[in-house]
Structures are given as C-alpha cells and as structure tokens.
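What follows is a short report on a single structure.
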Amino acid sequence: MDIDKVLDELRRGRMDARTARTLLSLDAIESVGGFAKVDVARRRRTGTPEVILAETKTLAETKAIAKKMLEKSGVAIVSRLGVRDRAKLAAFLRKQGATVSTARRTTTVLARSRRRGRIAGRVGIMAAGTSDIGIAEEARLMCESMDCECATAYDVGVAGLARVFPALEAMAKFGADALVVVAGMEGALPTVVASLTDVPVVGVPTSVGYGYARRGLAALASMLQSCAPGLVVVNIDNGIGGGAAAARIARRAR
Amino acid sequence: MDIDKVLDELRRGRMDARTARTLLSLDAIESVGGFAKVDVARRRRTGTPEVILAETKTLAETKAIAKKMLEKSGVAIVSRLGVRDRAKLAAFLRKQGATVSTARRTTTVLARSRRRGRIAGRVGIMAAGTSDIGIAEEARLMCESMDCECATAYDVGVAGLARVFPALEAMAKFGADALVVVAGMEGALPTVVASLTDVPVVGVPTSVGYGYARRGLAALASMLQSCAPGLVVVNIDNGIGGGAAAARIARRAR
Amino acid sequence: MDIDKVLDELRRGRMDARTARTLLSLDAIESVGGFAKVDVARRRRTGTPEVILAETKTLAETKAIAKKMLEKSGVAIVSRLGVRDRAKLAAFLRKQGATVSTARRTTTVLARSRRRGRIAGRVGIMAAGTSDIGIAEEARLMCESMDCECATAYDVGVAGLARVFPALEAMAKFGADALVVVAGMEGALPTVVASLTDVPVVGVPTSVGYGYARRGLAALASMLQSCAPGLVVVNIDNGIGGGAAAARIARRAR
Amino acid sequence: MDIDKVLDELRRGRMDARTARTLLSLDAIESVGGFAKVDVARRRRTGTPEVILAETKTLAETKAIAKKMLEKSGVAIVSRLGVRDRAKLAAFLRKQGATVSTARRTTTVLARSRRRGRIAGRVGIMAAGTSDIGIAEEARLMCESMDCECATAYDVGVAGLARVFPALEAMAKFGADALVVVAGMEGALPTVVASLTDVPVVGVPTSVGYGYARRGLAALASMLQSCAPGLVVVNIDNGIGGGAAAARIARRAR
Amino acid sequence: MDIDKVLDELRRGRMDARTARTLLSLDAIESVGGFAKVDVARRRRTGTPEVILAETKTLAETKAIAKKMLEKSGVAIVSRLGVRDRAKLAAFLRKQGATVSTARRTTTVLARSRRRGRIAGRVGIMAAGTSDIGIAEEARLMCESMDCECATAYDVGVAGLARVFPALEAMAKFGADALVVVAGMEGALPTVVASLTDVPVVGVPTSVGYGYARRGLAALASMLQSCAPGLVVVNIDNGIGGGAAAARIARRAR
Amino acid sequence: MDIDKVLDELRRGRMDARTARTLLSLDAIESVGGFAKVDVARRRRTGTPEVILAETKTLAETKAIAKKMLEKSGVAIVSRLGVRDRAKLAAFLRKQGATVSTARRTTTVLARSRRRGRIAGRVGIMAAGTSDIGIAEEARLMCESMDCECATAYDVGVAGLARVFPALEAMAKFGADALVVVAGMEGALPTVVASLTDVPVVGVPTSVGYGYARRGLAALASMLQSCAPGLVVVNIDNGIGGGAAAARIARRAR
Amino acid sequence: MDIDKVLDELRRGRMDARTARTLLSLDAIESVGGFAKVDVARRRRTGTPEVILAETKTLAETKAIAKKMLEKSGVAIVSRLGVRDRAKLAAFLRKQGATVSTARRTTTVLARSRRRGRIAGRVGIMAAGTSDIGIAEEARLMCESMDCECATAYDVGVAGLARVFPALEAMAKFGADALVVVAGMEGALPTVVASLTDVPVVGVPTSVGYGYARRGLAALASMLQSCAPGLVVVNIDNGIGGGAAAARIARRAR
Amino acid sequence: MDIDKVLDELRRGRMDARTARTLLSLDAIESVGGFAKVDVARRRRTGTPEVILAETKTLAETKAIAKKMLEKSGVAIVSRLGVRDRAKLAAFLRKQGATVSTARRTTTVLARSRRRGRIAGRVGIMAAGTSDIGIAEEARLMCESMDCECATAYDVGVAGLARVFPALEAMAKFGADALVVVAGMEGALPTVVASLTDVPVVGVPTSVGYGYARRGLAALASMLQSCAPGLVVVNIDNGIGGGAAAARIARRAR
C-alpha cells in the first residue's frame, strides 16, 4: 500500500508493470464463468472472506464461485441458500476436499480447504430467544471462517433477567474478546449486556416480532438509541456481518 | 345509562324531557365564550377530568375554560402551557380559591377547588433518566387530579441496573396499585420492570434521544414489541395519558 | 425481593446459598432439550405465564416446552401455531392430563393442568368487526390462563353507533374490571368506549385494513393519539398482550 | 371545450386564431411582474379561484398578484400569510375597492370586488377541537369565495359524544349540501359523522397532536381507513382544499 | 333524528319505547349467526349499504350475511372475495332471486333484489392505466348499488395527454355529476382532470407501481398534495369508497 | 407543435381539421380490444416507445397490445412478464416477423420489426453485484429499442475497488455517451463512478439487500444524497427507465 | 486514466514519480487552512466544480475555500450561504477579480475568474410555481459555472395546463439540449413535460408543500413513479445537482 | 461477578452485607442533589464513563453532576452543552483542578482529574466532509476519556477518492487498533475504508444532508447495508458512542 515506494521501484526498473499492478491490488479479481468477478484477495486484505450471497444465484453459479473461492483463498462461505440446496452444496464442497460446517436454523454453509490451525481470537455469542438462534449460528460460522473460537449462550432474554447473569459469567470464563448479542422484538439484551461488561459488544437485531416497527426495526432502533455507550450494531438479521465484525475485533486483540 | 328505563319513565310521564336529556348525558356540555364546548361531566363519567390543552389557545381563553372547569367539576388541569404563562395562570387560579400544584420541568398546572379527601388509589412513578422527569411529573399531577397518592423514583435507567432493584422494592413497600414507567432513548426500563413485578405497568415513551427513530419512536417501538407481556403503552410524551390510565387502574383496585 | 434481608440471613448462617439463589430468583430457569431456557417462575413473579411463540419452532420443540411449562407452572399457552399443528398440539396436551381450550379464528391454545378455582377478576372483551374476532379470542384465552372470567361483544364498530351502547351496558352488568377493545381499520372504537366509561380500557389495534397506514398502523396511531385520556395500547394484533394487561388489572382489582 | 367545433369554425374562416386560442384556453394566463403567471380563468373553468400561497412570496409580490386576480376574476384569496402581513394586505385590498373577510386563528384573507349575489350552495363546517378552528375558518372563507353560505359547529369532538348529535341536527336544519369535518389527534369525528348522515362529508385532518403519527398523520390515516364508506379526505391542514371541494359539491347540488 | 321531538312524543304517551328506540336508530342492527351484527339500516340512514368485506370470512359466513342484507335492505355488495368464491356467491345470490352484477378484474359482487328504478345520479369513472381497471369497476358497482348510472373511460393516463381531452368531453356530454378518477404510479391524472373541470372529482390512488413509495403511496401523496384545489381522495385501492362518495355527491345533485 | 401556425393554416383553409388534429397529436392513440388505448406516437414524440407492463395483463392482452405496437411503431418492449410467458410471447412475436431479444435474469422482451440501422448513440452499463444483472439487462434492452449500442461491465462493486478502474477504462474506450450504473445494498458504486468521469451517469438502485431500508431504499437514498454532483436517479429496479434516460442522452449527443 | 501506460512510462524512466502521481490524480487535492482538503481537479475530471456547502462553515472558512477554488480552477460556487453572508462573500470574491453572479430567492453565489468563452451547451429550466424559483435559479447558476447557456420559464404548473405548451415551444426554439424541471407539491410537471418532448429531462422535486409526504417527498415519489420513461431525478431541493446533471448532458451533446 | 463465591463468603461470615452489596455492584450509584443518581462505577465496570447529557439540564445541574463524576471516577465528559455554557463549564471544571479538553465544532467537554498515564490503545478517526468534523471531535474526546491516543484525517470523502488512500496510509503508520469513520450525505466512506483494511471500523453516520432520507438516515442506511462485511455502526451523530466503541476495541487490543 506504500504507493510512492511501488512507483519509485517501478521507475527505477527494479519492478515490472505486472508486479506494480499486483502490489497496487489491481490483480485481486478472478473472473468466474463470465458472470462474476470474485475478490479472492479480500480475506488477505481485510481478514474477511467475500461472502457468497446465494439468494439470487442458481445452484450451479453458487458452486462455481464457491469452488473458485476455496481454491484461491482456502475458505468459502455461502449464505441465504435455498433450504433444499444446502445438502447439495455441502456434498459438492466436501468432494472438493473441504471440511464443511453447517448449523441448525440457518442455511449458511462454511467450507475450509483444511482444518484451522491456531485460534485467531475468541468470540462469545448470545441470543435472546430461540427464534434468534439461526442468526446467531450464522455469526458463529462467520467467526470460524476467520479462525476464531466461539462460545454460545442462547435463549437468555431480559424477560427472565436471571438467565442473563450466568451467561455473562460463562463468557467471562471463556475469555471472549468480543461479544455478538442477537435479539429481536424490543432488542433490550445488548443494552443490558453492554452495561455490565467492558468487552466490545456487537448487537445484531433480528426480524423476530410483529406489528409496529416489525421486521426488526424496533430491535434496531433500540440498539442504536441504547443508553449503554460502546454498543455497536449491524443490519437486521445480519449474522454474517456481526460475526465478521466480532472476529475482526478478536483477531486484533490477539 | 339504562336507556330503556329512561325512555320508559319519560313515556309514563314520570320524567320530563329535560331530565331525560340529562340522564342521556345530553346536557353535559358547557359553552365557554362562544369558542369552546367544555365536557364538564367527563370526570363524573370516566373518572378523568377534561384536560385543557393550552398549546393552541391564548392565555385568556385558557383562563376562561379553566375557570369553568373548576366551577363545574372541582378540578382544572392545564397542559402544554407556554413557559411564561405558568405563573400567571397559577396566580389566576389561586384567586379563584383553588389549591394549585405545579412541578419541576413540566408546564402542567393542576388546580383543585378544595384539598382532596380520601385517597382513591396509589400509583408509583419511575423515570429512566433525568431528562424524563418532566413527563413523569405530568403523570403525577394527573394522578393527583384523580385523587391518587403517588411515590416517585427518578433516574433509574437500565444502563445502571443496580439502580432499578431498590426502586422496585420501594414501590412494593408503598403498595402501588399501578406503575407508570417513563423512558426515552431505547426505552428498556418498562420491559425490565414489567418482567419483575405483577403490578400493572403503563409505559410512557419520551422524545428524549436523537438520530434513528428519534422523537421517542425507538422507545415506543421497544415498549410495543416488549417481550414482557402485560406492559401497556400510551403515546410519546403523554404523561397526562399515562397518569390517567394508572389512576383509573388504581381507583378500580380500591 | 428484600435483598438486604436475604443477604443478612445468609451471612448469619440461617440460610444456605441454594435458598438465597432461589429467593434472588436465580433458579427460576429450566432448560429444555438444550435449545431453550424456560422461565417457569414467571407466572408466580408477574402473574403472567411465559407465552410459547410457536411461529419459529418445530412442533416437537413446542411440545417439549409446553410440557415443561405445564409441569412446572400448571399452565401452558402457545400462540402463532401453524394451522395444521393446532389439533395435534391440543391432543398431545390433553394426553398430559391438561384441560385444553381453543377458539375460532385464532391458533392460540391454552392448556391447564386442572380447572381453575376461584375467579381472579372479570374482563370484558369487545371487537369492532368480525375480522377482529381472532385477536379478541386470543385475549380471552390469555385472560383465562390468568384465572379471569370473560364476557365478549363482537362486531360492534362505530359505523353503526347504535351497536355500541347495548354492548357497553352488558359490560357494566357483567361487572368488568377491565375492558379489552379490539379494532382494525380506523380504530375509533376504543376511543368511543373509553370516553363513555370509567373502567380501564386496553386498546388492541389489529392489522385489518389496507392502503395507507395498513397492517394496523392507522388503528395504532388512532389509539395512541386518542382524545380520550386513560386509554392504553398494546402492539398490533397483540391479543395475548392485551389480555395479559387486562387480567393484571382485573386481578389487582379483586 | 368542443375542440372539433372550434377547429372547424376556424377552418371555415368564421373564427380568427385569437378567438380559437381563447376558446382553447390558451390566453387564460396573465403575467404579473415578470415572476408569476396567474391563471385568471381558473375560477370560470373550475369554479375555484387560484389561491395565492403567500408563504414564499414577499408582501409586495402577494399584493401585485392579488390585485391582478381581483381585477380579472373578481375574487382574490390569499393563504399562509405572515401574521404581521394580514392587516396590511387587508387594508391594501380594501383600497382596491374590495370587500375583505378574515377570520380568527387563520391568516387567510378573502377579497371580493363586490358582495356576492345569489347563494350558490350551503356548506356545513364542523371542527372537533378548539385547536382545529383555524383550519375550519380557512375552509369557510374558501366556500364563501365560491359564493356558498356556511354554518359552523366547533369543539364537538367524540370524547364528548353528546356534543355531536345537536350539531348534526343543526346542520340538517340549515340544509347543508356538503359537510366539511375538521379534526386532529385521532381524527374520529368525520367517521362518526359520515356514519350518521347521507350528506357528502369531506374530512380535513389537522396537524394537532404529538408523538407517534404526529403532524396529522394519525388523523389522516384514521380518515383514509374509515369504516364509514363515502368519507373523502384532503391533505392535512388543507382547509382551503376541503372548502373548495365542499363548495364544488354544494354548487353542483343547486 | 329530531331527538327532542322523539322524547317529547314519548313523554306525552303518543309513542311507545319501541318506536322511540327505532327512531333513535337503536334497532338498526340485525344479528347473523351469532358472529356478526349487520347494520341493515345503514343504506336508509347514509345512502350507502354496509359493504361485506369477504377477505376474512368463510364463504358460508359471507353468504349468510349477504342474504340477510338482501332481505333487509334490497342490496348486498361484497368485496375482496377469493377469486374462486365469486361464481359460487353469485350463483347463491341469484338463487335468492337477486339480480347479480360482477365485473372484469375485480372480485366485487353486487346483488339487488330487483332492478333499479329511477336513476339517482350520474357518475363518470376514469382510469389512468389498464392495471387500474379493477378498482374502477369496483367503484362502478358501488355507484350502481346506490342507483347511479355510470359512464367509463379507461387507459387515459397523462403520459399520452391527447387521450385525456376526448375522455373529458365524453364525460361532459354524459352529464356526470361527479367523477371518480383512478390512478396508480405517479397519480397525476386526477390533478389534471380537476384542473380542467368544475365537476367534483374523487381521486382513487391504486397500488400499481413499485420501488419508492410503492403500493400506492406515491399516487396517494400526489393526490393529497395536488395543486388543483377541490380534489378529494379516498384510501389506496378503495374503489368501493370512491364510488360511494361519488354516488353520495351525485344523489345530492339530483 | 407550433400551435399558432397550425391554427393559422387551418383558418386559411390550407389544412383540414383531421390534419390539425394529427399535428396537435390528437390522433396518436390506438384502441386495442376495447380495454387499452395505446400511445403509438410516443416513440416518435419522445424517442421512447410505450413500454407494455405485462404484470397486470393476461398473456392474450399483452400479445394484442404488443402486436399493435409493432405494427404502428416498429418496436414492442414488454416488461414484468410472468416467467412462463416469456418464451410464449417471444415465439408469438417472432411469428409476426419481428427480431426478438431477451436476456438472462430478466423477463423483459424486445421485438423489432426489422434490425436496427444506424446507431443512435452509445451507452455503457455497469452493475455492482451479480444480483443486479437482471435490472442492468433490462436497461440494455431498452437502450437497444431506442437504437443505441451498449457495452456492459458487471459485478464491479466497491467492496473490491480494484474492479472498478478497469471497467471505467473500458467504458472510456467504448466511447459511452451515457452510463447506467446499477447497484443495490448500500448503492455506493454510482457515486464512485460519477466522481471519476465527466460522462452523464444514471444511477439505478435495485431492491437487493435486506433489513433496514431494504427493498432498495438504502441504495436510492445513497444515490439521491450522493456527494458527486451530476448523478441522476430513477426508481428502484427501474432498469427500463434508466435505459430510456441514458438512451435519450446518448441520442442527443449524436 | 490509462494506468498501464502511466506505469509503463514510469518504468521506462520516461516519467518521474511526481508526474505519475499527477496523472493518477494523486495530487488533485489542496489543503486549506488545516481543516479542508479541496478537490481542485474535480472540474477538470468530471466537468463539475466542487460545490462549497456554506451551511456548516464560518464565513471566514467559506472565503478561504472559495478563494482557493477560484485560483486553482477558475470557478467557485457556494451554496446554502446564510442570507446575511451573501453580499459579503460576493464583495470579497469581486475583490479577488472574479465576475460574480447571484439570483433572486437563492443564496447560491457563482464566481468566475473570467467571463466564459464559448458556450458548452444549452439548458432549459422550468419551474412549476413561484415558490420553486429559488431552486431553479440555483440550477441555472450551476449550469453557468459549467459554461452552459440557459433559458427559463417559471410558474408554469399543471393546474393551468395552458401555461405549459408555450413554455415547451420556447424551449424548443432555444434549442435546449437538456431540461431541468423544478416542481414541488404533487410534482406532476416533469411527467407532463417528459411525455411531450424527446429532450432529456431532469426532475428536481422541491420541499414546497405541507401535510402528508411534505418536505418534497410527494414530488419525489411522483417523479420516481412517473409513467413517462426517461425522466431522471435528483434529490429534493437539489438545484445544484439538477443543474450539474443537465450541464453534463448538454456538454456531451455539443 | 462470581455470585456464588460472594454468597458463600457472606454465608460463612467472612464478609459483611455491605461488602456483598458492593461486590454485587449494589452501591455503585451516587445521588446528586435529589434529582440524579449517577452511576460512578460505570467506568470501572465497562471502561466507559457515564456521559452527562447536558441538553435537558440546567447549567447548575450539569456542574453538580460533573463535579461528582470527577471526584468519584476521575473523569467527567459532558455532551450537547449549550454553546454559551461551554466556556463556563470548562472554567468551573478547571477550578476543580481538572485538566479540561474541548474541540472545534463540538460542544463536548472532557475533564480529567489528572493527565492520563499509559496509553490504553490507539484509535484513528476519519471524517468525510468538513461538516462532519464536530462529530469526529466528539469521538476523539471520548476516546481520550478512555485513555486512548488518537490520529485524525478530515475532509477525505469519496467524491475525491485520491484523498482516501494517503489517509489510510497514515492510519496504518500510526498503528490504529480501531478506526472511527464519520460521514454524512450518502455515507460511502466507511464502506470504502472497511473494504481496504483489516482494522475494525466503526461507522458514524451524521445528519449532514437534506431532502430524501435526510437527518442522516441515508448515511445510516448506507452503512447498515454496506457490502463490506465487518463494518459496524452507531446512531446518527453519535460521536460519543462511536468513540466509546472504538476505545473499547483498542483497549482490548492492548
């Protein structure tokens, strides 16, 4: 990223144009099947692999892109798969030699070309209701794609405050460097958690709820207006983003 | 309200049309100065006096209506007064022989033609932040206009959970028949309170906060989506309505 | 809830840590099947049982949680069941020895381990249109889960004002301690009712209607902006919450 | 408006291009001071004079346009004047020989070059609260600019239903061909009125109210979702439009 | 509706309580099957029959209510039927001896116990696009239920202004006393029409369109903000309401 | 469009009424099957053919209108077809002798009665993600219906900035007179593009994304608030409109 | 922008790093007073000068930045100045030797270091109401900053359609390469204009209007949902952006 | 936080009730002047001091609370002060012996009872426009209150992409553990930054901008919908929260 240095080397003839392009990141993009341009260098550059959003792609397209990602970066993570395609994609990726992880209540699939080595960080993941578990698991898979270890505590909403304290204790024992706290409805759990700990907390609002400010808007509003400073937020149902953020933080902490 | 009986009495000649009109509540309305028709029977009918919204009236109009209310129903409560008019109105109402109550951070004024007799009920009033006190005090004055006694606990928001428990204990000792819980920002306090007690809880969102879902929409959403069933809500900044509702409940409980 | 006392007893050795945990409500939570943590003490603490939201659970999960609730608290109430699962769940719960109640136009199911004893309060339930009956019945079942007796008056909207007055008379004769008034579209019925009675009124907006402010937003807005002070509101289509609130009030009144 | 006929006459030489332009309404526009093009033929074409929106004009500009309107169409109606400019404009228009009408709580000014002759229709105007009177008066002035006679009934909101019935009786006696019903907050009055009469009803929501759906959105929603079919609506605070619509209806009825 | 007179007659023994109840409209309600209270007097009272919203009813319920309406008021109009139920309901109503009308692109069904006699008024109905025809036909059926005659002009949107002028001429020749103008997308047609005629215009926004302010919000906004004063509006897709309003106006004009 | 001249010619007898009507565009409309009035002159008048929105039409109706458009203007473009109808319509139009174009991920169909002659302009089309390709292709077909040549660059979103620069270079080499830039989610690509080029840029937000400001509202907001002046926008998912606008600009540039 | 060529030249020693940085636009930024980094190359790169938004700056800061812009790019355009600062800034810029342009009803100021030479394009600017003139003039000044010539037609809204046709004729005679059409309230004018011409049309919604969808949202919605394809839009009140877009188009057309 | 241990110690008589309360955080609250309950332990518990929101307090109240905070926790940070009160408060706090920091364009004041010792972490702060500097400085002061060192880069928005790269290089050299990226309008900068680095990025949308999605909603939407996973967000204009979050992260990283 030291532009002057690259340009200078180039000018002095110590470097050819191809190398300069690479160093300036101009060759990070791989074309797949004529319809996609995959940013295979993203994981190296930002720590986060490019997530393949399967929702608007055919299974064939998803397979092709996932295969390319796996080859080039060692990790492929696919979200918003059709329910029926999950097993098919997992089988396909296993055939490529990858270790594949899936989870209950979510259609996200994680494939790694080899088991991870050292743990890059520790992330704790909490969910307020049983309905929020799918999004929480999405976060967990994302963290694992970034080589972090995870501990989870689910169904610990504030309507039964007594459930929250033991969960927080467990997270402290685990040594979490970052917490992902997933909640729908009134979304109060991240506020309560962030006011009881000094670990960075990423709130993930979910679309659980109905009526006024439904589809997660109440939970989002509640987290953004939180009286607990230091709480940060990602988009509604964005378990992927919440996991990615927590993993970035945890990696930084190691 | 027994229409048949009224109509029957009337038909039998045991009652004149004037009395029937009255019993059918047709004469409950008093005209003031040609521009207002005051519902002086409302307090008798619903327990709640008609509140005089001063915001869009001149001080002279407000005085005339308040005077009429005081004469006809023994109570006048005026909200959303201009800051400068509060002292003037209070003085005017004292001259009418009324006992006048005001409170910090709110421009609501309560006048009663005589001190209250027996206590009609007990209401506890909690506020999450110091910025919410004005609305809480508005609720208190409304409860007092309906002959309820009040206990208050202010600045007990969830960012410092340790503040909440002693406040709840105090409310239990006071014997509150209903709780008014006032909160702005993420509005989590009423959810936490309603999940720890079996007393009816009226949430009052306030417009404290800024940014997304500002002007109280976050707090309102949070209370409507609350995972604590049994929590009810009134409009944003509607301390008057929250107080009226709690007093109705408390009066019923006695 | 008297923390000092608990701590003091504990210190003096008159109480063991287990008892203190219980008194401080730290043992109120039961784990179910590894995925849910059920707050079985909620009914004792708040008068309201934890409602099992079936929408995002499998039937097997719902059964497991309902069974646990029934065992531990004597009541299980399940809302937002799939239409096809209603009969299955009811049969399952009857097999557990419970008395099971269901109602037309709603998929809420109430099971009680024994018939209720004394009536804890009386709640009147009104619905503006025939389309609002499902939500009203949800409220009725919730009230019954809290041992209240209910009277109902349906299809009494303000477009035919003459329907409202006899319904109000009937509620007065029944001796309702609280009214639940359910309305969609313009949501004017709770305002009209609250201005004609001194009983506490809980408005429940429904998502009946279409076009501008559809999905119940018009009815919600109308109830929050009501010119009848003392009207309180729960979320759109939240018959459960409306019933729980009214039952809390009615229980307090006895 | 019979285009073929105009074109045919023109072709036969029985009409010159100037006349054709006029008949095709091409000369209806008068330029004022280089910055405005006034549609002086609008009153003849649609029954409704062009309303001069003073809000974004200097007083000098408003005067110039009003003078032109008065000369060309016999009527000038100016709305949203600055408070201080009302008396100045009225004096200026009186100097032009016009009869000028103003009203309490509104800054709309109506000037007519001579007193009206025959009554073109009868319009009844109702307002729910004292805060709604300004908008109601705006409607009244608009109706008068279209030669309709008006009867008014103010402060007759549904929180005191007993006020509504006598007002409806008075409107029936007056023989109103159309009703303008002005209401803020929950906006229930037009629904109640439209369900009790067969006269066309124009609802005018006002921005009175606060909190959720404030600025008149609750009242607008309530009127659009009304269960009383036949109720029509204009924009929030649009007394001018409500009056114009009612006057159109009333003129048609004569 | 002359309450004093009714009460006076009753008092003098010239009228029994039953008659007074009727005159005060207290007996206008017919119960159907224990679940509905039908306002059979509405057509007499307001000119508009109660519309049966089929959307949330079973076919059997709809039939029962429609039959009762037909018997008591001579007209039954049913909207928002399931597509498959239209033919079934029509056949059922024909068996009751009614004349039944339906229309393309709408599921509204109109049944009359006999063919209408004299024409109560004339209504012109315009639609901007072919997608708006269903709502326009709903308006036509409603007008016919109120004994008005209709003329229609469809697919005359402003993107081809040349289509508008001949349609307006045709409406003038027909002698329309009121115009219903139906438009989706940007909703400009009612503004253009209302600025070219002095006939009352009822705008009906439709949910045709997509993207920003979709579901008819753009069309509604456009009609409410219209620079053509005198334009009134009903809710999005509310052809029933638009027709009812226009028929009220047209009936008044005769 | 020189009205005076037309009228003058007509008056002098040098032109008949029929010709005048045509010149005044009064005969541009063709009726199809009694339900549609097709603006066949639109392409001549505005450069843009009337687009046939198939969404709310039967296939038979769509065919009839497309056939008429093809005959009268040489081009028929049909959007929002049902997926199953695309092949059927294409076959039908080919039978009419037309050249038919379709594209991946979009259901828009373009038919031309003969292959285009000279190129009327050049348009570059960029899409941020693979999910945006369908809308981009819709834009391409629209441009081609207006005789413009297109170059495309897809999957070049800002999360991999290195993809953007080569795409811009390619567009410059192609000689694009206008750029259509399609993006969903946060919609940043048009801002980045517009700040790096002096070619007119039309942003097309798409409904790709979820959570807060989903359905394209985030992308729309981002493009309207863009800090790159000169960026213009069309509605969400409106590839047709974006293509039409760019083609208008490109045609003007030639 | 030909990166390879720059890198190649550099590598061959024919170019120094400084030149490469410049060609790669790395030196386009000038620092002003430690708090601003001005993009002085923007006008060269995109045709559009960087606009100085004065709203949140002190007059001293604005002066410093404007002076720098004038020196480096020959043009300074400042928008959203405080009313009182307009004359002061104009005087200051004249002292710098610039030719300064201002306009009625807008606080935008344009300064050029010398009078423009050749005309780069022609832009027509239309405004619907007199209240929209300020935004239209803002667009005009922006076009002039980009060396375009402008013709204007103001107060030509659709409520008086007869005003629109002559304005369109005038624009055709002027030879406009692009039209900016400014409208508030229902925003119908751009739709009508775009359906009558083949010149590219940029719609600018203004915040004129009140009530529902006020602050320009109705006008924006109307333009985005327009049935006239080819209409493009910029943000509400963004005369600057509308002018910049039109000037880009017009420059391309030359 | 090890509840069992505390309870056990207490039971064994090794600890008195007072100590247990403290360990259970029950004594963390200090009462100020009867109106506020200050959470003086928050900084110890969460790393973040309680921020004093001055907006709704009198200067006297603010002083009293700030003084208490300073005494009890060594830091007082006050935001949303009135402009005139800033100097007064700073002087008052200096008199208490504190070191006071303020910044341009923001009214936040930071006071520390002694200069900080070791640096707890490094935070980089970037702002897109000069209008965003106030919020960025608020973040800086917050970070400093948590003993972090900050580097800043302001006015580096994406409309001049060339400004972004050197700023990123500077941040990398500084060794930032977290980045706060502040942006209004379309809010694209955090997306661009997060896609070019692996440091955790906290986006802070500001209310700079106007028109559609004004008051920061566009920027917020853009950041929540960002295609750059790992970007987290706080509320609009919440520089305090953004700074607190970044400082938590940076402290964790050390």
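To keep things simple, chains are lettered A, B, C, D, E, F, G and H as they appear, and every chain counts its residues starting from 1.
By definition in this document, a residue touches a chain if its C-beta (ideal position, glycine included) is under 8 Å from a C-beta of that chain, and two chains touch if they have at least 3 such contacts.
For clarity, every value in this text was computed on a predicted model and none was experimentally measured.
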Repeat of the B-D interface, chosen from B-H, C-D or C-H (over half of contact pairs identical by residue number): B-H
Chain B on chain H, rotation in degrees - Cα superposition, rounded to nearest 5: 90
Inter-centroid spacing, chain E versus chain B (mean Cα positions, whole Å): 41
Centre distance in Å when chain F and chain H are each reduced to the mean of their C-alpha atoms: 48
Inter-centroid spacing, chain F versus chain B (mean Cα positions, whole Å): 59
Gap in Å, rounded to a whole number, between the CA centres of chain G and chain F: 25
Residues of chain B touching at least two other chains: 3, 26, 42, 129, 159-160, 165, 195-196, 211-212, 217, 220, 224-226, 228, 235-236, 238
Partner chain B, residues of chain D touching it in the complex: 104, 129-131, 133, 154-156, 159-163, 165-166, 208, 210-212
Residue ranges of chain B in contact with chain D within the complex: 24-29, 35-37, 39, 42, 50, 53, 55-57, 61, 205, 207, 216-217, 220, 235-238
Parts of chain G lying in touch with chain E, wherever the complex brings them together: 128-129, 157-161, 185-188, 191-192, 195-196, 209, 211-214, 217-228
Footprint of chain B on chain C - complex, ascending: 1-3, 42, 45-48, 51, 142, 165, 168-169, 172, 177-178, 194-200, 202, 220, 224-226, 228-236, 238, 240-241, 244-245, 247-249, 251-253
Residues of chain C that touch chain H when the two form their complex: 3-4, 7-8, 10-13, 15-17, 20-21, 26
